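Everything below concerns the one structure shown next.
Chain lettering (A, B, C and D) follows the sequence in which the chains are written, and residue indices restart at 1 in each chain.
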């Protein structure tokens, strides 16, 4: 097929890397030319991920040691699915060699190296790249992604919070102050790590909060909310771990800028919120605005690149509840990265994602 | 053993009734003389609940048709584990015959028949009883439970919200306005009902909000918060369904009455909150105040009558986060009812519950 | 695209019907022109199955009342995803009108109306069709499927048992006598039925056998084994229900016709078994023969049309263990039916299934 | 209370050790004087196992480094909940100091050091103890346990297989040859080990066989079956891992010594099997023989020391199916060990276990 793109993945052995491998093995316009993994170098994709063994290429493509110089010669676009803090080491030589890079870690999501240091606990390894990196949320930064050399693909929690919040904030329909995001995530969000906390027996029949009150993802969430609000925004964010493989459900507590006095005022505000969401997302292929009595449910988005959003004005409290559901590994990670790939390459944005 | 109490259960075939049956079969000072179930009348407890078959009494005790007159002659204390709206029919004759009644439904939890009608959609069937019923939250109403004829045992969500909130509210440490409770509940909370929504395949690998924004349990939660605050309180409450059998995790967003300016102010407020919780619960056998880095986890309370509580002041937002975990069927229903039984009978409060 | 086929589904509201809907909505050469459901008539596919709402057609295609005459005018191939016993009512008029029919129920899988009556407890409603129906196991009956008017698509347990067993039986490598099949199935196998037994709380943290010792699926399993063996075969089959949404794992205990005396004999027999499986399945796109230490795992096939097969000779007992894993809703139902569609229409067999 | 026994646990940090801790904290006649764990030395039981924090002793009892000499002075009976291969190091000094030892590992379950070496891959560290150790299956070796110095408590799979099989074998009702045991186990059976294979995401929505065809537990199973049969027995055993925390379900395929020709013969044999089980287990407090249509279900035994057993003669195949369910951590490990403690101390056998 004309206009194929050659792509590679550095760090393909985690849950995001695995899903990215699947999406690129089946992408009709991408040719997956290299996957790297120190741990699995020499073995085929099918050996490590037997679930992909029915894709012919999975039986021949072998993991290699990560070598950015070599990858730069093989691939036009390289995905980095690495732990936070180590992407720069690979991104710098790839960019210098002219590759486009889509990084799934948090390393290039922040504009400020100081904020990075505050939240991640160490100096940023390549602060000069922060100015050029594009925050890869296609529904917001589509144009910038088009010409980007370095895309910093957003995290799973940020995606589930930003997509429902940004349009309302930009439209002035909610206060920037006092936002609360309460999220529940499946265990794949913790990564494929051999730690007691994530054993089946420790997670099954369990639900627990963690990382309160200052989770690292707050940094990129607040950066993007602040940009939308035009002033610094600080939010409350509580993640919880629940016993599902995949899926994030976020419930947002927002304060409308309009006081709801009576049913008529509530109905009018509701209409404005609906109009705001329609304007933002009615034509977005991966945002599903729920109607009627429907509420988000992770089982309706798992395995897809879709975010579900529903909202309810509460006349008793005057608050606006917005709820979203996504697959943390697809729209919250690898699917979103492929969405950026499609934009960068000029493909229809849903290519390989429906 | 001296001082045994004869007890009966009306409506023993749901999840709360089943757990109540277990607790009373093994209670060292209660003799379970009758269990009723229209559906299972004539069969033994062991036939319907094979998991109890190793208790000798379960193999002989048979479900009967519910007959309050007969029960009043057999038992001194009768538990009602019935759906909302049908308890009155049984409570009235039992009370008239001199029985003490512990009702696990919502029917007698509200002081106001008007609020009942607003939230439950029909007239209260016995409004005259509302004045005498005691809200069966032992940590709050222990003295009143002692002499009660009719105990209205609290719901699962209310227990998980009230226990962490009431001490702070009474101490004036938090504002009564703006309270948000975000809860996740296991599927047993929906009852043993043959509905598609609660099939394994519909709940497994799923998390979803429901009943927003005006869940019925709000009525009793707000009643009790208002009594503690001395003025009407309206809160925001969002329940979510998660794929565990049992357990409720509630995260509360509260506004301290003291502004936290700087680390010293935060430390001081934190000390006051800790002191407040210690004063309220240090000697409570079923409230576990978590220390250090520990956060509530439903797996640590499932199968017990314990509520876990932890809190964090967030210096970035000025808010207080309080998190609680309980077993919705034990402390949220049947265990709490047995705790009331112990109080009514003058037994040590932990009898049969440890 | 040239050579599109118009297809319809009668009874699209169960788990198999839902998956079939997904497969046909995304099939590049099938046009889904009608889906029927008495319960949901008038509503769109997206309303009933929100997870498909990002497929544009799901937002416009509406469920209709089942009307075979109408369907016969709209569609060339009609899938029946109905409970056992009611397919004939729809198959007869569809066939008479010239449609091709792929039935996912058990109604046309047996060649003998007497066996049907023995296992299903009522007279066969259209015994004259049994002679013309083709058992839709593509790996075995590919040629017959090509020209079939009526395909009886195999059940989930039969597929997981027949694919590993038939080649060995036909090659004379195992005895036809004494076969034991022990299977574990996910809860979707029970269908979308509002019954207490399949509630989340009743299935989660539970594993249990059922339907022993004479499960209905035995009839079609033994029919096909007997045909392969050339003489009547009776097997032992025990299904178990386990708490997963999807997936069947079957462990087969087989008796080799060769006595394994010593390591050399075992190695030689093992080589013959491997050769037998290679000959049967090396070129099958949906059968994965596992090598080395790998054993089947349902998580590696869920969501795919693949069956995984591994085998071990046990020198201690002389027995051959064969293990298989499949997705009960895909290869065990809807995927297999689409595979037959592809064969009937002359498409590459993997079309829409990779 | 009179006649208390002081007990200690070496290796209390795994799943069996944790459950043993719970059982001994709540045992009315045992005083838990010491728990050891290299990893957690210095911390209280409540800190490591928050779920036990409502037992007052859990808040004061601290883990210590394992020191058999010290334990021998503190405790009369010491439980070893250690990995296979390291129990001897502790058992020897404890026994020499006059302690009674109940070992939950496999180290003393075999009578033959050679068989131990064959199955465990290393020389037995204390072969002289094998002759004196008693296999701690109370339903079989009750008398020997009474006076034992060293009890080798059986494994989880062996218990689930031996209890249903031994009475039939001793009564000559089944052939010793050709026994097949197909088992499904919850993930706690793999222990609390930080390995990728047992992560939530790797086990949830998965079912898989493992350890085929020669699992280590075969050695003790075959030893006990051989003793019952009076001649060497070799069986087929296939374990599977399923996504539940606890529970083992075993399905046994057995060959009756009586040929079932016709319904009368089947009924007669069935009566003899029932009589055999009744004779063996009707008075056993922890064996539940299921009647009527009931089949074992792990959810009915989890958290208890009970084994459920049901059986079906299959007139089509002539085989006898026997199915059992148990909690692998209770009857399959810690509960069974406490049952032995009760026997050794002359307490009623159900003490602390109901």
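As a working rule, a contact is a pair of C-beta atoms (placed from the backbone, for glycine too) under 8 Å apart; a residue touches a chain by one contact, two chains touch by 3 or more.
Every value quoted in this text rests on a predicted model; they were computed, and no experiment measured them.
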item	value
Which of C-D and A-D has more C-beta pairs touching across its chains	C-D
Centroid-based (C-alpha) most distant chain relative to chain C	B
Separation of mean Cα positions, chain D and chain B [Å, integer]	37
Distance from the mean Cα position of chain D to that of chain C, given in whole angstrom	39
Chain A-chain D separation of Cα centroids, rounded to whole Å	47
Of all residues in chain C, the ones touching two or more other chains	202, 204-205, 243-245, 297, 299
Arrangement of touching chains [line / ring / star / complete / other]	complete
Footprint of chain D on chain A - complex, ascending	15, 186-188, 192-196, 198-205, 243-245
Touching residues on chain D, where the partner in the complex is chain B	26, 50-51, 53-55, 205, 285-286, 288, 290, 294, 297, 299-301, 303-304, 306, 308, 354
Complex contacts: residues of chain C adjacent to chain D	180, 182, 184, 202, 204-210, 212-214, 234-236, 238, 240, 242-247, 249, 251, 253, 295-299, 302, 312-314, 316-317, 319, 321, 323, 325
